[in-house]
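Note that chain A is present in both complexes that follow, paired respectively with chain B and with chain C.
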Partner chain A sequence: MALSNASFVHRIGAGVVDLASTVGQMMTLLGRILQRSTPARFDRRELLRHLEFMAIESLPIVVVTALFSGAIVVIQAAPVVQRFGAEGLLGWGAGFGVLREIGPLLTALMISGRVGANNTADLGTMVVTEQVDGLRALAIDPLEYLVVPRFYGIIMTLSLMTVFSDLLALFGAALAGQALIGLSMHGFYNGITGGLIEFKDVAHGLIKSAAFGFIVALSSCHFGLATSGGAPGVGRSVKASVVMSAGGIFALDYFLSFVVP
Partner chain B sequence: MIRLDSLGVRLVDRRRGDRRWVLRDITIAVPRGCIYGLIGPGAAGKSVLLKTLAGLLPVEEGLAEIDGVNVGEAAALELEVLRRRIGMAFQNNALFDHLTVSENIAFPLRRLFTPTDDEVREKVAERLASVTLPGYEERLPPGLSGGQKKRVAFARATITQPPLLLLDEPAAGLDPVTSQRLFDLVKREVKASGATCILVSSDLDRLLPICDSVGVLVHGSMLFDGTVEDAKRSSDERVYQFVHGLPDGPL
Partner chain C sequence: METPPPLTTHESMLVKLGRLVIDGTEGARALTSLFLRTLWFTFKGSRPKGSTAHQAFEIGNNSASFLALTMGFIGMILVYQSAVQLGRLVPDYSMVGANYGELLVRELGPTIGALMLATRVGAGMAAEIASMVVTEQVDALRLCAADPVDFLVVPRFLASLVMTLVVVVLSSAVAYATGAITAFIAFDVRFDVFANLSLVDFGDVATGLTKSIAYGAAIPICSCHCGLEAHGGSAGVGRATTAAVVLSSLAIIVLNFFISAGSFLVGL
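For the complex of A and B:
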C-alpha cells in the first residue's frame, strides 16, 4: 500500500515536472516567435495563405456549432422566460451568454480541434520527413517561414471566426425563439440592443477569443515542432496539442472571466 | 575544401533517453572539386555526417570545417552564408508537400536570389529535363513515386549550382537506367562546375566508378579514407567485405 502511494505521488510529481517543462519550452518558443515578429522578417504571403486555408477549413464546423449553440441556449431559457412572462429578455439572455462566453469558448474549441490539430500534424510531418531540416539547409529560418505566419494566422482566424460565430449564434437563437415561443426577430433584436448588453460585453468575448487563439497557436506550433518518432509521433503530438489547448482554454477562460470586466 | 578533424557528434537516443556518440574521431579531408563517396552499412552515421557538415547538428568535439569556416562554432549569420553555398538532397527527400514540383525546385532559387519569373521557368525546365521528369511541373510531391521524389530532390539541390553538394542516397529506389543516368549527371555537373560533392549511396557498382576518393563509415567510426582502388585492396576485413559486398565476414 505504501509502495503504491509512493508510486502515485511519484507519478503526480513526474506529471507536474513534465507540465512545467512543456510550459517552459512553450515560453521559449514564444520568445523566439516574438523576436521574429518584426515586419521585415514576417512572411506576409505565407500569412495570407494560412489565413485563407484556416478560414475555409474551419468554416463548416463553426457555422454548425454556432447555429446550434445559439438555438440550444434559447431552448434552455425559453420555458423560464415564458413562465415569468419575460419574453423580451430572451434576446438579452442569449446575447449575454453568447457574446461573453459561449461564442468565444465553443469557437476556440472547434478551431483547436480543426485548425490547431491540423497545424500540429502539418508541422510534425514536416519535422519527421526532414522538411524542416530542408529549410534550414537552404539557409531559411523555419520559425520565420513556417511558424510565425501560422501563429498569427491562428490568432487572427480565431478572432475573426468568433465575430462570425457570435452573429450566427444570435441568428440561430432568434430562429429558435421564433419557433418555440413565437418571439419575433424584431423583439429578439430589441432584447439585444435594449441597453442591457454593452460594448464591454462584446469586448470581453473578443479579448477572450484572442487569448484562446494565442493558446491554440502556441500549443499547436510547439507540439508540432517537438514531434519525434515518425508517423506515430505525429499522432502523439496532435493528441498532446489538443489536450493542452483545451485545458489551456478552460483555465484561461476561468481567470479572464474574473480579470476582464 | 572540407576538413574534419577528430569530429565527434552525440545525439539523444530516444529509446534509452541518454545521449550517445553517433560519430567518433572522424578525420578526413576532401579537396575542392572532389567527388567523395561515403559508404557503410545502415545506421553507421552517414546521414548524421552530412547533416553535421550542413550545420544542422551540433559538433560535440573536434572540427568540421568548410572553406575555412568552422561549422561547429560559426555564428548564425556565418552559417547562413555557408548554407547558401550548399546544395543538399536528404535521404527522405524533404520535399515540401504543399508546393508543386516546380515550386519545390525553384524554392532555393527564389528564396536565396532574385531571379525573374522567366529565369525561374527556364532553370526549372532545364533541371526537370536533366532528371528526365519533363511535364511534372504542376504535380505535388505526395503524388510522386519514390524514385521521382529522389529526382526532384536532386534537381532542387542543384538548381543554384552550389559549390558544395551533399547528396544522401540520391538514387535509392531508382531503376538501374535512371540511377546510372543520375550518377553520370552528378559526375558531369560536378566536374564541369568544379564543385565538391559528398555522395552517400548503397549502390556501390554505380557510385565507386565516379568517385575520386571514398570513406567507409562503420558504427560511427571512419574505417577507411582513400582512393577507390585502395579501398578494394584494403587489408581491413570489414572494409574489404563491404566494398566487395561479401555476405560472409565480420560485418
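For the complex of A and C:
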C-alpha cells in the first residue's frame, strides 16, 4: 500500500475516503440496477439459470450449517435448562434463537461465502479477461445480461435458503435435545408451538434475510465489476467482497433488530 | 491427478453420491497431509526469519478493527434480543449480564469471531497463495529447493494460531462492552449489575480457549490448501478464494459442534 509509512491520522482519513467512495459506487450501481428493473429489462432465462446454480449448489453447505448450528444452540442452552429443570422451555428458547437470529445470520454468512464470493470471482474474471468489454462491443448491456439476473438471483436464493435452513436447524436442535437431555421430539415441538413463538418472530428472520441478500448481492456485483489487475486482482476483489458483505450483514442485523418488530 | 469432468444433471443420484464421497475422502486426505507437513516443518523447517512476525502483523493488525466492529454489533444485537425475549416471560433483567458473559466466553466470542476471521484472513491467504500458484511463483520456490509448505504455510499457521486467540479475546471484550451499554440504555441495567461473572467457571474458559486454538489452526490449513490447489489463471484464483471461505467456515461450524458436544459430555 502506498500509505504504509503515513501517519495514523492519514490512514484513518484514507480509510474513510475509501469507504465513502466504495459506498458511493455501490449506490450508483444500485441505481443502474433499479433503472433496468422498472420496467424489467433483463435476461429472465439467465435469472432462472443462476437461481438453479446458486441454490442447488449451496444445498450441501446449508444443510450441514443448519443442522450443526441448531444442535449447538441446544448444547449451549442445555446446562441452563438443566439448572432450572425447565425442559419444556427448550423448544421455545431454541426456536426463538434459530428463527430470529442464528438461522438468518449463519445462512447469510455461508451464502455470502459460497454464492457471493463465487459471483465476484466470476464477474472479476470476465472483467480482467475483457469479456465484459466484448459484450459492450456487441452492443449487449453487461448490466442487463450479467449483473441484474445475478443480483435478483442472490436475493431470492438467500430468502429461500433461510426458510429451508430454519426448518433444518430446528430439526437439528430437536435431535440434539433428544440425544443430550432426553427431551422427546414431541416435547420439543410443543415448546415451539406453545404460543410463545409467534408468526412475527418468523417474519422478523425472513425480513432480515432478504436485507442480507440485498447487501451480499450488491457488494458482490460491485467488487466483481471493479476488479483490475489480472489474477491477483480477482483474489483481492473476492476478499474485499466477502469482507464488505460480512460487515454489512452485521450492521444491517443490528439496525433491523431494533426496527423490525 | 486428472480433474473429474463437471457435474451434469443427467447423472444418476448414485453417481453423484459416489463422486461426493470420493471427493470428500480425497479432500480430507489432502487436508490431513497438509496439516502433518505443516507440523513437521514447524519444528524442522528453515523459513526466513521474521516471516511469522510479518504474517502475525497482517492477521492481527489488519483484522482487529474489522472484528471489533462486527463483534460490537453482535454484542448489541444479542443482549437486545435476549432481553426482549426474557421480558415476555419474567421482566427481571438482573441475570442478563451473567448469562451473556458465560455464552460469550464459551461460544459466541470464539465462534462468531473465527467466522469473521475466516472471511477476512482465510480469503486473504487463499487469494495471495493462489495468485502465486497461477503466476508460477510457487514453482519457482520449488526450483530453489524451498518447500512451499515451509515458506508459505508454516508462517501463516503459527501466526494464525497466536493471533486468532489475541483477536478473539480483544473482540469479545468489545462485544461485552457494547452489550453492557445496550443493557444500560434499553433496559436500565446498571453496569455493576451487568458485570456479573459468577457464571463463568473454569470449564467455560477452557472450552473457549480450546475453540480459539482449534479455529486458529483450521483457518490457515483450509485456506492454504485451497490456495495451493488453485489452477487455471484468474478464474482459478477466484474459485480458490471462494472455496477457502466456504471450507474454513464449514470447518469452524463442525469443530464448534464437536468441541461443544465434547465439553458438555465431559461436564465442563
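Keep this in mind: the second predicted complex is superposed on the first by the 252 of 261 C-alpha atoms of A that agree within 3 Å, B and C clash if a C-alpha of one lies under 4 Å from a C-alpha of the other, contacts with A are read in each partner's own complex, and residues count from 1 in each chain.
Criterion: a residue touches a chain if its C-beta (ideal position, glycine included) is under 8 Å from a C-beta of that chain, and two chains touch if they have at least 3 such contacts.
No experiment lies behind these values; they were computed from the predicted model shown.
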| field | Fit or clash between chain C and chain B when superposed on chain A | value | fit
| query | A:Gln131 contacts which: chain B (first), chain C (second), both, neither? | reply | first
| task | For A:Ser228, decide between first (touching chain B), second (touching chain C), both and neither. | result | first
| message | For A:Phe96, using the defined touch cut-off, is the partner it touches chain B, chain C, both, or neither? Pick first, second, both or neither. | response | second
| said: Looking only at contacts as defined up top, I'd like to know whether chain B or chain C touches more of chain A. | reply: C
| request: Would you check which partner chain A:Ile140 touches, where first means chain B only, second means chain C only, and both and neither mean what they say? | output: first
| task | Would you please give the vertex angle at the Cα centre of chain A, with arms pointing to the Cα centres of chain B and chain C, as a multiple of 10°? | result | 100
| message | For the superposed arrangement, tell me the lowest C-alpha distance between chain B and chain C in Å. | response | 9
| task | Show which residues of chain A both chain B and chain C reach, each in its own complex. | result | 125, 129
| task | Going by the contact rule at the top, pick out the chain C residues touching chain A in the complex. | result | 20, 66, 69-70, 73-74, 76-78, 80-81, 85, 88-89, 99, 103, 106-107, 115-116, 118-120, 123-124, 126-128, 130-131, 134-135, 233-242, 245-246, 249-250, 253-254, 256-257, 260-261, 264
| Of all residues in chain A, those that touch chain B in their complex | 125-126, 129-131, 133-134, 136-140, 228-229
| field | chain A to chain C touching residues, read off their complex | value | 60-61, 64-65, 68-69, 71-72, 75-76, 78-80, 96, 100-101, 106, 109-110, 112-114, 117-118, 120-122, 124-125, 128-129, 180, 196, 230-236, 238-239, 242-243, 245-247, 250-251, 253-254, 257-258
| Residue ranges of chain B touching chain A (in the complex, touch as defined) | 14, 51, 54-56, 79-81, 83-84, 86, 88, 90-97, 107-108, 111-112
